[in-house]
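Given below, in the form of structure tokens, are the structures.
Both of the next two complexes hold chain A, though its partner changes from chain B to chain C.
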Partner chain A sequence: MNYFLRGGSRIIISTSTNVYTNLALERFLAENIQHQPKSKLLILWRNSPSIVIGRYQNPYVESNLNYLFENNILLSRRYSGGGTTYHDEGNLNLTILTTRDNYNRRKNLEWLVSTINDSYVNKFSLHITKRDDIILEDSINKQQYKITGSASRLTRTYAYHHFTLLINTNLNHLRQSLKSNDRFSIKSNATESIRSSVTCLSNYESTIQYETLIDILAKSFWKQNQQTKWGSDYLYDYIDPQLFQNQLKQFIDELKSDYFLYEVTPPFTYTILAHNNRTIEFSIKNGIIEDIKNSNKDEYEKFYHKQFYLMYNDIKQL
Partner chain B sequence: MFARNSCRALVYRKLLNELLKRNRYLSTNQNLAVVTASNIVPFKLADIGEGIKEVEIKEWYVKVGDHVKQFDKICDVQSDKANVTITCRYDGQVMKLYHQINETANVGEPLIDIQLTQDGTQQLHHTPIVQDDTSEDRSSSTSTGFTPTPQVLATPAVRRLAKDLQISLNDVQGTGKDYRILKEDVLNFDKTKVGLPSTGTTTAPPTTTIQTPMPIIPPSPSTVKQPIVQPPTRTVVSPTATVQTQPAKEDRHETIKGIKKIMVKTMTQANTIPHFTYCDDYDMTELVKLRKKLKKLYQQEKKTLKLSYMPFIIKACSLALMEYPILNAHVDAKCETITYKAAHNIGVAMDTRDGLLVPNIKNVQLLSIQDIALELTRLQQQGYQGKLTNEDMQGGTFSLSNIGAIGGTYAVPILVIPEVAIGALGKISLKPCAPENLDDSSSSSDDDEDSYPDVEFRHMMSISWSADHRVIDGATMARFSNKLKSYLENPMMMMINTK
Partner chain C sequence: MSFIFPLRHCSRLLLLNNQIPRFFSVSSAVLQNTSTSDFERYYTKKHEWLNIIDKNSNEVRIGISDYAQQALGEVVYCELPTIGTKYKKSDSFATLESVKAVSDCYMPIDGEITEINEKLKEEASLINKSPYEQGWLAQAKVDDKNIKDIEKSLMNEKQYQQYIKGELDNEKAT
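Moving on, here comes the complex of A and B:
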């Protein structure tokens, strides 16, 4: 691990598929590596089925929490901003970690687009939109589908841009998980995801596989970043976050905590039409129900000042 | 309200004029707004990049009345999927927050007001911000003695460096963002100014003999060559020469600074230690064969082998040091204590961008030859970029200098204090040798036939060891050298002894 912390361009592949571990690893590397100017660290990771919401988003708006629970899909919040993404082993995560000054989101996406376009000529034609999304144009039905989602985090000492690449994801789970039943019941200033139609690369090139794609990406990365190479046959290192539990523990605990998942949600109001046609409005701040409008005495006592996420199911029963 | 504001403006204007008179502007930062006598500064939202003009405030980490220091977190903002943490530029007390959460803030406009902790003579910590056009009357401070150009962007550290080197920032071409002048720009300008060639890669002169290849940088080590070859005599121009002599160029003076200065200090100190030098020749034929074989094997697997002789030599030194630990020791300045060091942190002299440096590979005793090769490459690359860390430089216990990569045979290396031994490796060249098992009996019988024994050609490397004669005796050095020799001449021995 100390080896990595010295900095320099490198490719690291995480062997963990736990979303909390991987997010913790990303943050740990960002904060502890001595980032060298003009060098890039590429981290590749995949998660078991999970939903990852942006730092300032509302999980109730972005995802169907009951569906997640029923299908063993984890809920997590990342440190960077932006919208919500669905992850599984068919969705590759790429993080490009650099110094603050070398942050260049567009360049990273252009690298990905050119790599894939060059390696799968005649299969895909990808291009980048103004909003920095990568779109696949279907030549048959002339539709445009999103295949990546981007987000970044910038601080004084580092900047990272991470994005996903839909290779072979279960689109059914994706659609169902992201379809919240509450999105009309909630009003807030939280970042809202902009929904788009998505597709997977494997729908257009059935032979595309994670392992070969990794090699293609690695080779293309080194071609672009010739500067510091660790021996001519070096492609990437595997890192097992399990070996660094101690160092990652504080981040993992935070990412898993109810505090970070629910309580940091920006303040919002949750309106529900109760059985006797009353419209009850809950105001939640820092995860706590601070105010309830239009409720009767019992309901008020039951819900006032309680954690919203604990009371959620009961509220839905009203 | 309007009247009150204009009154305040009048008061400020008066104070401004006072300051102008007394020239109490803050020093070289021409880009900032004038600071009023009460020292409240608006901290503006710096350019985030990507052409972003406005962001949304998502979280405040400070409130009015909080004391903040430089680099403390002020707030988190979000712009189109990027979540940015804004850190403070000054030390002081928060006086005002300009926005609430979820409000939009514009780049170049104030985020908070800070009252600076020190009085007006403090130099503000400065990272380049958006140009502020509202500060008129830009009368510069004369602290640097240069005429100001409002466009020059540079951090205080860079400005100080330029000042030390007596360079005007106006002459330096900035290569940072917004043409910001970086430290490298000033240093490069300094080199070109003084006429120094930039220390780039100098490849070892190609020879027909096999050298110990150091991939990028041949070292210019701390050795003094023994006068085996006569120094070139100065050619005297005869008075009858018809060659037109060019007018003599001027003498060039150069202050010794930086790494050179450190070299002066350490060499002077090292010179107080009584050195002795012991030289020998090692037969590297087996090692040459081994390397050829390894290279072929790798080629078969379609990989290329990046392995010079140095990793083998370094590992062999470590194995030999296990039996002669006194050579892997430190002595204190007064030579009262010897510390036998447990780790074999073997230093390798290299010629880097900054000059002669001896970074070391840590714990060679625990590393495989492949590990050593990787570490060596890393150190060379970082050295080449001038990015060796303190950790790389400190803690060395034994040093090697591969002068042979450039050329030469024997040398008298100078110790790296507080170590007690150092080796200089000459070049590996083919030399004729008598065969190993020369039978004495056969030579006598062949006397009358006047035949000579068959001559073999072997790859020989000359090596010169220097040691601290106060604590190391010749016999120890000689025995160590023999041990090392046996490892290098019989690489198999290295394999069976490696843990």
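Moving on, here comes the complex of A and C:
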């Protein structure tokens, strides 16, 4: 680990596919590396099926939690902003970690777009929108599809920009996971995702594979960054986060906790049309039901001051 | 007792002090305190500002500068500290989400939070529209020693404007 913490430009590939471990690894590296000006750390990672919501989002608005539980899809919240993404092994995560001053989101996206466009010249064309989304233009049906999601975290000492790339993801799971039944029952100031049609690169070039793409990206990264390569054959290092459980533990515990998944959700109200046509409104703050309007005495006693995420299924049955 | 006067209001009161005889019951000491220099802003290199809003209780108001709000883009969510929390200078006391980026704000001075801007809960974009007036983030109680050090440890308006100019020149160079 000390080897990685020395700083300087580097490419690291995580061998873990656990979303909490990978998010913890990203944060640990950000906080502990001796960042050097002009250098960039590229982290590549993939997760087993998971939903990742942005720091100030509401999981009930963004995803169908029952669908996640039924299909063993993990729910997680990241430290950066932005909208909700669905991850599986067909979705590549890239993180570019720099000093605060060297943060440049557009430049990172331009690198990705030019690399892929150059490598798959006649297959498809990617371009970047004003909102810093990467779009694939389908020349046959003239549709535009989003293929990445971007988010960033900026602190005094470091900045990271991470983004996803849909290579070969299960779009059925993606759509079902992101379709919340509660979107219209919830009122909140939490950041809402902007929904877009998505597609995978493999739909346009069936030979695209994670392994070949990694090599293409690595070579292009070094070409663009002209920084010291650690040895002339060096492309990237693998890191096994299992070997660093102790260092990552505090972040993994936080990322997995009910506190971070549910309780830090910005305040919201949840409205339900109960069986006898009453509209019951729950007000939730810090994960706790602080107020209930229009409930009867039994309901009030049952739900008042309880944790919303624990009561959720009971509430839906009203 | 502490009074918080907006700048316009205070200049009218100063006038009143000159015209009305000494037996007027409003504390003239308070009116003497409300001079324009008390509303002078001081800045950090990370683009936070503070100004003293009450010299009696050493209370300051804290926010981010116009330069900072422009760099962030539209603020969509604001996480503010809990009243009563004590922070040291440079501790992160608030977090802003803007255009997919989550950024920390740092304390310009040691202090204990006394108030937060509740309006930001409904309208975080006030930080963009009015970074020095309606978009303030929090107020804090500061001890005497730190209040006296403000001019030494932070930049005044003129110094800050020069600092930003330097930053912009650097950006053009890279």
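Basically, the second predicted complex is superposed on the first by the 318 of 318 C-alpha atoms of A that agree within 3 Å, B and C clash if a C-alpha of one lies under 4 Å from a C-alpha of the other, contacts with A are read in each partner's own complex, and residues count from 1 in each chain.
Everything that follows uses one rule, which is that a residue touches a chain if its C-beta (ideal position, glycine included) is under 8 Å from a C-beta of that chain, and two chains touch if they have at least 3 such contacts.
In this text, all values refer to a predicted model and were calculated from it rather than measured experimentally.
For the composite obtained by overlaying on chain A, chain B and chain C cannot both be accommodated without a clash. Of the two partner chains placed around the shared chain by superposition, chain B is the only one that A:Gln36 touches, whereas chain C remains out of contact. Looking at the shared chain after the overlay, A:Arg6 reaches chain B, while chain C stays out of its contact range. Using the contact criterion defined above for the overlaid structures, shared-chain residue A:Asn286 touches neither chain B nor chain C, since it reaches no partner. By the touch criterion defined above, A:Thr17 reaches neither chain B nor chain C. In the superposed model, A:Asn189 lies in contact with both chain B and chain C. Touched residues of chain A were counted for both chain B and chain C, and B has more of them. The superposed model built on chain A shows that, among 74-82, 254-262, 272-280 or 344-352, the segment of chain B colliding with chain C is 74-82.
For the contact definition in use here, the residues of chain A common to its chain B contact set and its chain C contact set are 54-56, 79-83, 105, 131-132, 150-156, 189, 191, 266.
Taken in their complex, chain B has these residues touching chain A: 48-50, 58, 71, 76, 78, 80-85, 87, 101-102, 176-177, 303-304, 306, 374, 377-378, 381-382, 385, 387, 389.
By the touch criterion given at the top, residues 54-56, 79-83, 105, 131-132, 150-156, 189-191, 266-267 of chain A touch chain C in their complex. Note for the complex: chain A touches chain B at residues 6, 8, 34, 36, 54-56, 79-83, 101, 103, 105-106, 131-132, 150-156, 189, 191, 228, 230-233, 266. For chain C in complex with chain A, the touching residues are 46, 76-77, 79, 90, 92, 95, 97-104, 106, 121-122, 124.
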